[in-house]
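Per-chain numbering from 1; labels A, B, C, D and E assigned in written order.
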Amino acid sequence: MTTAGTAVAEPPDVAPAAPDFVPGAPPPASVAADIWRGITRENPVLVQFLGMCPTMAVTNTLANGVAMGLATLFVLTGSGLIVALFSRYIAHEVRITSYILIIATFVTLADMILAATFPDISKALGPFMPLIVANCLLLGRAEAFAAKVGPVRAVADGLGMGLGFTASLSLLSSIREILGRGSILGHDLFGRRFEPWVFMAMPPGGFFTLGLALLGLAFIIEVRRRRAARAA
Amino acid sequence: MTASLVVTASPHVRSQDSTPVIMWNVVGSLAPVVAAAAWFFGVSGLLVIAAAVVGAVATEHFLGRGGTLADGSAAITGLLLGLALPPGLPLWMACLGGAFGITFGKLVWGGLGQNVFNPALVGRAFLQAAFPVAITTWPPVGGPFWALKGDLFALPFIRPATDAITSATPLGLLKFEGHATRLLDLVTGATGGSVGETAALVILAGGAFLAWKRYLNWRTPVSILLTVAAVSALIHLIDPRRPDALFMLFSGGLMLGAVYMATDLVTSPITNLGRWVFGFGIGVLVVVIRIWGGLPEGVMYAILFMNALVPFINRATQPRVFGSRGAKAAT
Amino acid sequence: MTATGFRHGVHPPEEKGLTSGLPIRRMPFPDEIVLPLRQHAGKPAIPCVKVGDHVERGDPVALADGWVSVPIHASAAGTVTAIDWWPHPDGSMAQAVKIKVDRFAAQVPRPRMVPHWEGLSTDQVIRAVQDAGVVGLGGAAFPTHVKLAPPKDHAVHTLIINGAECEPYLTSDHRTMAEHPDRVLFGIRVMMHCLGVTRCVVGVERNKPDAIAALQGARPADLDVTILPLTVKYPQGAEKMLIHAVTGIEVPSGQLPVSVGVVVQNVGSVSAIAEVFETGLPLIERIVTVSGRGLRRPANLIVPVGTKLRDLIGYCGGMTDDGVEVIIGGPMMGQAQADLDAPVLKGTTGVVVLRREETRQEKVYPCIHCGRCLEACPVFLNPSLLGDFARVGRYEDMAEHHLADCMLCGSCAYVCPSNIPLAQFFQAGKAALRRAAAGAA
Amino acid sequence: MTDVAPHCATGAAPQVHGKSSPAWRLLITLAIAGALSGWLVATVYNITLPAVKRHAAERLDAAVREVLRAPVRWDTLYLVHDALTRTAPAGDLDQVPKAYVGYDAAGKRLGVAITAAEPGFQELVTLMIGYDPGSGSLIGFTVLDEKETPGLGDKIERDSDFTHQFVGRTPPLTGVKGRAPATPSEVQTITGATISSRAVVRIIDHAVERWRPLLAAWDRGGTT
Amino acid sequence: MSHLAWIFVSTLLVNNFTLVMFLGLCSFFGVTAKIETAWRLGLANTFVLLLTAVGAWTLNTYVLTRTPFLRTIAFIVVIASGVQVVEMAVKKYFPILFRQLGIYLPLITTNCAILGLALFQTARHYTLAESLVFAIGAGLGLTLALSLMASIRERIEVAEIPIIARRMGLVLVVASCLSMAFMGFAGMGSAP
């Protein structure tokens, strides 16, 4: 699903039509460009609005956010690589199923590894860890990108998207942890006299923080546009 | 004379009421409530209200389209927010609440008239979620006028020093101590609670005035109060340990909410039938939250929840177009 | 019988006291007459005179172009000086026949035979009415003869005479009923004859007791005519509201009164018909209420059609120093004039001059969803929502929400505390939809 | 905007145009993919399993030690058809209710640790409760799982003033608001978290109520 | 309050799947521009959630007892294929229903609300009855949230929204306010 283009379209009033799967490989680009794109112009969270659920659910502390981000990065890269390698052997009809299978495999791996290495974080993320499977971002990239390019670019894209995802999650979760608990990565920042904004640590705070980020982004873009307009 | 002719669209005559007139009348009708607040909570009450108003009005002025202060709606938002806050609340919180309410309850929606949620309550809900303890700490009513209750002047981001002597609201007492307050105290407002919520009778008077001037639609408060009375009476009948109707009516923020907040024209249904439905919904939710919910009071959440339903209610209660009987819809 | 009335509506200050007591007087002929060819609903008339021609009072200057059209007659003797573009009261420019009035002419029409209506067949009566150029004087100016010949498949059972005159200031219908009840009833007789109906109801708002009394007194024994007092409420005179008030019938939206067996005619139209069969004169003059606090000497005048507003207002003592807005029709639905050269038309019910402080202030606030417009709209629309759609140009949505049923009565805009020009929005919306439809066709 | 994005990927899985392949090929593909992933996952599972098990054990151990005041050893009793037994029943153990009996160096029983869960302010609150059947008083409790409001409800595990009050108290307890406890069966609730505090009290009372007879029965059936 | 009732209220309001648990946000933000679409999608979701509850419970009790590590994979694959089978069945036997809800089924298959239900009910060891109540509560909660969001978005379509809030900014503020409104139900059923 080539969403970057539609990133500016107004919300559709019905479920969007099925995109066509005519294999049209994305325009060639350097590895660096592939990575950079994912972090900035096609940022999965702030621009493409993918994987909202994990974004919201686990960004109440920075540790959770980063963990989720890195796990997703791992899955993206891994599944991207495998898909890129084998897509040409996978029959068209069972394409999606196979992708889901591949992704689910990597997610399970990530889940188990996290549980073995960082039990507390794993406990905190709970079911949201395996939920990465459902994150549209992965299937989207596998379908729209990895399947149509070579392994190198697939991995690069996975890295880019993953880093972009991690960056956004880190941003949101640090805002929420600092304001909501007065701490960062669990380290107390302002001492006991600080009055935390419980709001930030709660569900409305999740939506609110992302909203704030989007407003800020839009504001910057708008200012830039105005400047450009004045220059022209 | 042709030169100086004025040409406007028809109709060329208009009724007297204008939006600012309505708004400022509401502000005026709140004056007695503010006075009552001063009477019960002294200067502390006034300071909290002032802080909320400053927060709301300043935000409207600096972030708004400009020149919108004159319509008076921002002032109402600030006033009502202040009236729904506890007397000892640190002033910076009250101010922040006002700013939040106006910014995210009104301005991002496009300003006056466009918002779906009641800005004052958005501000209050934010405060309650952000500082649940501070906003449920209730200094006792009465005391010398100049006495500063709570930790009014706590610095931003600093935890307010918790006041040694705190009271509890009738609802808090009922829910957590299972102890009911005397009805007389409830009616006269001699109880703990938010700055402006305790003076039930004064609020009713203000509402009656506005209803008489047709600045607020009487259906909303009437249907809220009737529903609360009916439902709680029924529950009281089934289980006498539950509070009776009168207690329900005169405790907590119900009066202020029903008369001034549910009636916000912008955030309540536009059809009369819709207003009955809206009020009924609020009434039921208030009783349900107060009796079975975790929180002692639910007026604010009840109103916010029904605000969310308003667009839907409006859709569902459109009047039948003249001549469309017999299913002969015009297109 | 009693009036069932209609729901919603508004109560603007009546202001009729300014002229309701003043007897109808005849206005002297102006120096110049301007007769636009488009004065009625339907096709404009076709000129039948040339520049330089001399015309007597009552001579046709333009002929009907088809069935839904009427001829236009000279309202004064004189010379045709031009057939050219001229300011039209609707704000546009329109083709008009300009006549230099002959100062010393006797202004008596050519002798003509007065048609004896009993002798005539329905078709002949209808023809006579069309030839006399009679149109609805209630504002719509719809050719009356068309209404007299309803489609065969609809049986008309009731004729309703619209004497509501619900607009503030206007008293022309009021005076007509009070001073010439027998003429009104004669017109009714003729109409009932042509329509073949046995029942007629004259709806008059209660604020005109003298008119009601006069009509009651003049009621002939052999006709089933009821004079029905109506509550004073705007827009009582709106066709569909009036029908509902009188008969309790709701005219299905998108349909004509005939579809429920009713025909509505305005009092003025009726007396115009009467004149045709009393004097043989075509419709060349009408009764106009000239009123408002911006005017020095308000009056009810018999005005030759084609008289320029400038002359009319001048005859009424001119405008006061703070009189700034001149409206043709009533203040609720009437049109403000930018150019006082615009002439009085057959459909001009009144001319109202407002003082500066009476005009609308421009400041518009956002809709605060107070719902007053919903409570005002007599056809139960949601003007607030329609207004929102209009503001963002979503005309199809407006159509979907029954814009077609809006009759632009302005009740919603009258009550709107935010001063939103709703009626104007809806007019624009209707226009846009019409254009779109035309484009599609 | 990219609201479009989400609903596509899977959205189009069925109605796909394009060259169709013979069924056997599809099956083969899936089979191979499935086998591979299954094998991979199984392997990693077996590698990580010990670590995961260890963590779980550590968590349990820490909890038991905390609520039973550092017993030198403790053994597990399983609740099978309303009776306690030392032999673990077959099947998945983590649904089976358990009691952990702790002993000090002298082999004297310190008390029993039991787990219980009930709704708190937001979600289920799961506690491990240390209880001395002999004296019928509490040894302490710790929160195993809780989703209460951070900085408010979660004080039931962070606020030591609150947790320490329970030591030595005899259920049934009552939570009092805003004043010091008067009787040994009273505990003071946390301001701003009355509901969570009362949830803790409720859970402890119910748990003790439920386990007291069972443990008594077990004791009669020969204590060690 | 009885246990099942608590599960229902808790999932529907207190821990509303979308507004508090953050599940199915894709649909919440993506398919809520028109109200009809929204509640249809909600109902379709409820339907699939019920299937999932049964499926996941069966898998847990009979299939995956020895191989818990295959859960995620099994869930996702079984749900995805199961839904497709159901889709064909509905299409064949209830064409009307299919026209109403069918088109949304594919969109939902791997929506995290669905997988989330399976995972949560597993983590909480729900019995079949509990799972079903859980699924209904979740589905109705989803439908409620979607419909509310949609009706609000239909209204703000005609509002003069500041440019920087036009795209998604305001929608998230709306979500935040909705979520705040739902906080009133917190502690429901756990009251002293």
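Just so it is clear, contacts are C-beta pairs under 8 Å (C-beta built on N, C-alpha and C of every residue); 3 or more make two chains touch, one makes a residue touch a chain.
Just so we're clear, the structure is a prediction, and the values are computed from it rather than from any experiment.
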Partner chains shared by subunit C and subunit E (touch criterion as defined above): B
Partner chains that subunit A and subunit E have in common: B, D
Longest centre-to-centre distance from subunit C, chain (CA-based): D
Central subunit by CA centre of mass proxy: B
Interface with more contacting C-beta pairs, comparing B-C to B-E: B-C
For subunit A paired with subunit D, centre-to-centre distance based on mean C-alpha positions, whole Å: 32
Between subunit B and subunit D, centroid-to-centroid distance (C-alpha), Å: 42
Approximate Å spacing (C-alpha centroids) for the pair subunit A, subunit B: 40
Junction residues of subunit B - those touching two or more other chains: 104, 108, 110-111, 114, 126, 129, 132, 176, 294
Residues within subunit C bordering two or more other chains: 366
Interface hub residues of subunit A, defined as touching at least two other chains: 8, 11-12, 15-16, 49-50, 96-97, 100-101, 104-105, 108, 112, 136, 139, 198, 202, 204-205, 208, 215
Pairwise chain contacts under the document criterion: A-B, A-D, A-E, B-C, B-D, B-E, C-E, D-E
Complex contacts: residues of subunit E adjacent to subunit A: 19-26, 28-34, 37, 41, 69-73, 76-77, 80-81, 103-104, 107, 110-112, 114-116, 119-120, 123, 153, 163-173, 175-177, 179-180, 183
Residues of subunit C defined as touching subunit B within the complex: 10, 12-13, 168, 240, 244, 250-255, 318-319, 324-327, 331-340, 352, 354, 356, 358-360, 362, 365-371, 374-375, 378-382, 384-385, 399-400, 402, 404-405, 408, 410, 413-419, 421, 423-424, 427
Partner subunit E, residues of subunit B touching it in the complex: 104-105, 107-111, 114, 116-117, 122, 125-126, 129, 175-176, 285, 289, 291-295, 298, 300-302, 304-305, 307-309, 311-312, 315
Contact footprint of subunit D on subunit E as seen in their complex: 6, 10, 14-15, 26-27, 29-31, 33, 65, 67, 69-70, 73, 80, 84, 87, 106-107, 109-110, 124-125, 167-168, 186-187, 189-192
Residues of subunit A that touch subunit D when the two form their complex: 1, 3, 6-12, 15-16, 18-19, 21, 47-50, 60, 89-98, 100-102, 104-105, 108-109, 112-113, 115-117, 119, 136, 139-140, 142-144, 180-181, 196, 198, 201-202
